[in-house]
Amino acid sequence: MPKKSYPEVPFAAIVPCPTVENDKMVTGNWRSLRPVVDMEACTSCKTCWLMCPDASVNFDEAEGISFNLKYCKGCGICSSVCPVEAIRRVPELDFTD
Amino acid sequence: MPVQYEEIKSVKKAPEEEFYLPGHRTCAGCGPAVGYRLIAKAAGRNTIFLGPTGCMYVANTSYACGPWKVPWTHTQITNGGAVASGVEVAFKQLIKKGKIKDEFPNIIVMAGDGGSIDIGVQAASALFYRGHDVLFIMYDNESYANTGIQVSPMTPYGGNTTFTPPGPMIPEGKKLFPKDPMLIFAGGGHPAVKYAATASIAYPVDLMNKVRKGLAFEGPAFLHVHCPCPKGWTYPAERTIDLAKLAVQTGMWFLYELEDGVRTWSRKVDKLRPVEDYLLGQGRFTHLEPEHVAKLQAWVNERAQVLGLNATLPPVR
Amino acid sequence: MTLSVEIDSKMVEITVWTRGVQLAKEARDVATLLAVAGSSEGKYTQSFDNYVDLPDRIGVACKSYARISPEPIQTVYEYENGHHDVIVLVEETMIKGHPYLQDAKQDCVVVVNSARDPEALLKWFEPKESLPLVKALACIDANSFGAGVMLTFDGTEGASDDTKIGAGVGAAVAGAAAKASGCVTLESLLAAADNKKAVQQGWDQVKVLPFCDGKPFCETPSDPQELGWR
Amino acid sequence: MTTKKRATGLTAVCDAWQLVDIDVTASYPIRPYTAVFADLAKRIANGQMKCEMVFAEGEHGQFSIAHGASMAGARATTGSSGVGLTYAAEVYSPIAGGRCPIQVLVGDRTLDPPGDFGSEHTDCLTMRDNGWIFGWAQDAQEALDNSLMCFRIGEDPDIMLPQIVAMDGYFVTHITQDYEVPDQDLVDRFLPPFKPKFRLDVNNPVIMGPQITPEMGPPLEWDRNVVMQRAKGKIVEVTEEFGSVFGRHYAPFVEEYMTEGAEMVFLLQGAHAVTCKSAVKYLREAGYPVGMLRLRWVRPFPEEALQAIAAKFKVIGVIDTGTSYGAAGGGGVLLVETRASLSETPDKPIIQGFTSGLGGEVITHDEFFRMAEMMRKTIEAGQLVQSSTWVNFNDYV
């Protein structure tokens, strides 16, 4: 049996706040259905962007809606709040990436 | 004089910057996580969060990390109000003495229903009584969800939790009706509380503005935010916002503000939908018999009348 | 110092991966069924949820464990399986992005609840360097057997489970796992499960792709028992 | 210029808190410690002290307020007694584990039932294992001095642990005594401003107290353990420096009184040591070879200091002014700890237990005399007559 090893734990377990994302808890692999946006149908109302619990819907004036698949858990809120049904949910294994 | 704050006009005009970042272990479709993100967005950079034990502590900080861009500290589930009081007086005193150069921050307690109105009620009440400049937010998912869905005072009548399983002797599951935190905290018993509001994650602009308003008021403010819980209420994760909206449409949740004790309705509701519309599709209510649904409807109707909602109410069958 | 002894050397460790909340009951059922079946064969068994994964959240990876041994189990309180003989994925997308092959034993069997062909899943195996440990990949389309997913909090957090065991997709998955791995017999599994038809269907319809040196064989043998696994 | 003053131990600690310019404190009334906040409130009202005194909703709230203030970077204190201390039980570990060096004043008291206002060490000792530095003062002067020393030890960047300045209820909290209040200059020289390692600061944002995985627990606990052990060295260093700055010299861990030539010694802590010393003088005159050892700290427990002197004696009579029902030896916490400390000491003395002074009763001269006689019998027999004795209940003299 190898001796147990312990991680370095900072003083009183106090850790710095993340600035862009918390990459100590990557949640993209929670997803079984992936959101896919139909850019033609999308009206850029930003509802999906605002309602995402994981801040994983990105919005860009030029590019429109995109998803942060590193963290998206695939909950489907974006799809269900979309007023024009522009977001489909596709089985994760249908994608090669 | 009305309090000054920078109002958010629409979904599109919501602040871009995120303070509740991607990367946390909350459920897919977590209602409180939606709430946290909106609240952090509205509060902005000069904010300190205190997180009493609950899902929004444990799920967010698993493990030795967290998703906040602004300072955050854990408190016990019992003492969010007390620790926040300590933080607030410390900042005031240290600034007054010139020991720190900080601008006085927004101090927000993000407590669950247990940490607010059950085991945390003593500390919360004391904070409100003493008038600390703190925004105390009760994110309400109507159960002790972090421990695996146990009954809390906010679990609705008829709710199935692991502590209130329905059975032949107790067909409705939970027999008790919930507390009313708005009345308890902001119904006049804590004179220092000049602003309190209910909010829902289904109405994000309204919620964010209530956060800003609460922070703008001098002294303590209370916000009671309805946050559906897909795990605890047993419904598909994508329906979180949907259910939050249905709660408001059926009167299982009322949206209003209390400013100096004066009630303002946040949305005009002409007609409440029957509670069935809300109950259906939630696993926690599937066992209810018509008589139990009628009891819930009667409770909703009575609350609507007591609160003075001017709307057509569904019949109690 | 340490003693050079082999502890629980004959124990079969079954690790069932699932998605939190939605499929937690099904994963627990697979572990429970295999353990109960093993017990009825006179073996020593254990089954439990991985406490470290709790409280589970919707979608998060969670594990349930079963252990079957011809000898009394010594590591009763080692609360995580460390040498997997059988790896079961109760939901097919678990195959992507989870380290289920880590700490796998030589000649382990992977069982996936998927309508897809085993070949189609190969590319997702993780971690890749553990592939030579795999003896076979088995697929079973348990969702198609009409076995409804059971959503209940019964049996979570150490509570007793009064909901039927093996009434949902877990029954067919357990049947498939039993056949592909040989860890328990069909008879004992049928006796343990509520939905016996689903167990039988899982047993009958599992598609097994045997491996050699980390690569799949071209042909699937008609009877996976020919693999000679245990 | 030091100021001479006549007041209680509570006022003395209030003097210390004024000298160190505490920023935040939290009050809640329970006898007998309460008056520290009556004093403090007056000083705030008349402008002598600039600190925020929060009227807490209970002891749990008091400790929590101080915890929050400390996380925000303030020097924070609070205090309590008896069941108040046990009501706050939940938050001792979070405060110590969060490494927030708040200071708590304890005027000790029996635990209910029945409702007895009297002094006893049980309340505070019940809370001894969470990583707080604490010990008992025997008089008002030592209470003030311990408070200053505790801030210095607890706030040291190598330590960062909360502290309890304990004193016997009524005896030290209510009986006025003469003591000296040191100069502000000296205090400022002795104690630098509080510098937290981390604080709630929007310009340097941190996450405090996140959930951890099981394997992160042991290293954190190991760390708390190491720091508690390290505090022993810090206590020695700080006690010495205190002596050189203020001219009052304390033994870092164990005060010895008339131990020269003593074959048997009382071992105790707190106020009863004052009567004990008097009793020892009479006993010496009567021919008893007796002395006294007084513990200044119970956490960290000074085992090395005891080991270094124990072999000089034939019997150590440990006096517990508190209960630990069912404990090994039938006595209290000090008996268990002393026996454990000396278990491997060569030529160790016989360690005899006494329980006395419960419920707020004074330990009289006569009781000390009888304990001395029981120790003499132990020497005579060469072994314990009984493991421990509840004085007045199962004495054997």
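Going in written order, the chains are labelled A, B, C and D, and every chain counts its residues from 1.
In the analysis below, contacts are C-beta pairs under 8 Å (C-beta built on N, C-alpha and C of every residue); 3 or more make two chains touch, one makes a residue touch a chain.
None of these values were measured; they are calculated from a predicted model.
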item: Central subunit by CA centre of mass proxy; value: B
item: Pair of chains joined by more contacts [C-beta pairs], A-D or A-B; value: A-B
item: Rounded Å distance, subunit A centre to subunit B centre (Cα mean); value: 24
item: Geometric centre distance via CA averages, subunit D-subunit A, whole Å; value: 53
item: Intercentroid distance (Cα basis), subunit C paired with subunit B, Å; value: 41
item: CA centroid of subunit B to CA centroid of subunit D, Å; value: 43
item: Contacts with two or more other chains, residues of subunit C listed in rising order; value: 58-60
item: Sites on subunit B at which at least two other chains make contact; value: 25-30, 58, 62-66, 68-72, 230, 237
item: Subunit D, residues touching no fewer than two other chains; value: 205-210, 212-213, 216
item: Chain pairs that touch, as defined at the top of this document; value: A-B, A-C, A-D, B-C, B-D
item: For the subunit A and subunit C complex, residues of the former touching the latter; value: 1, 27-32, 73-75, 91-93
item: Subunit B to subunit A touching residues, read off their complex; value: 11-12, 14, 18, 20-31, 33-34, 37-38, 62-72, 201, 204, 230, 236-242
item: Subunit A partner contacts - residues on subunit D that touch it in the complex; value: 97-99, 160, 197-198, 205-210, 212, 215-216, 218-220, 223
item: Subunit B partner contacts - residues on subunit D that touch it in the complex; value: 21, 23-24, 26, 50-52, 54-58, 60-62, 64-74, 76, 90-91, 94, 193, 200-203, 205-213, 216
item: In the complex, subunit B residues that touch subunit C; value: 25-30, 58-59, 146-149, 162, 230-231, 234, 237, 283
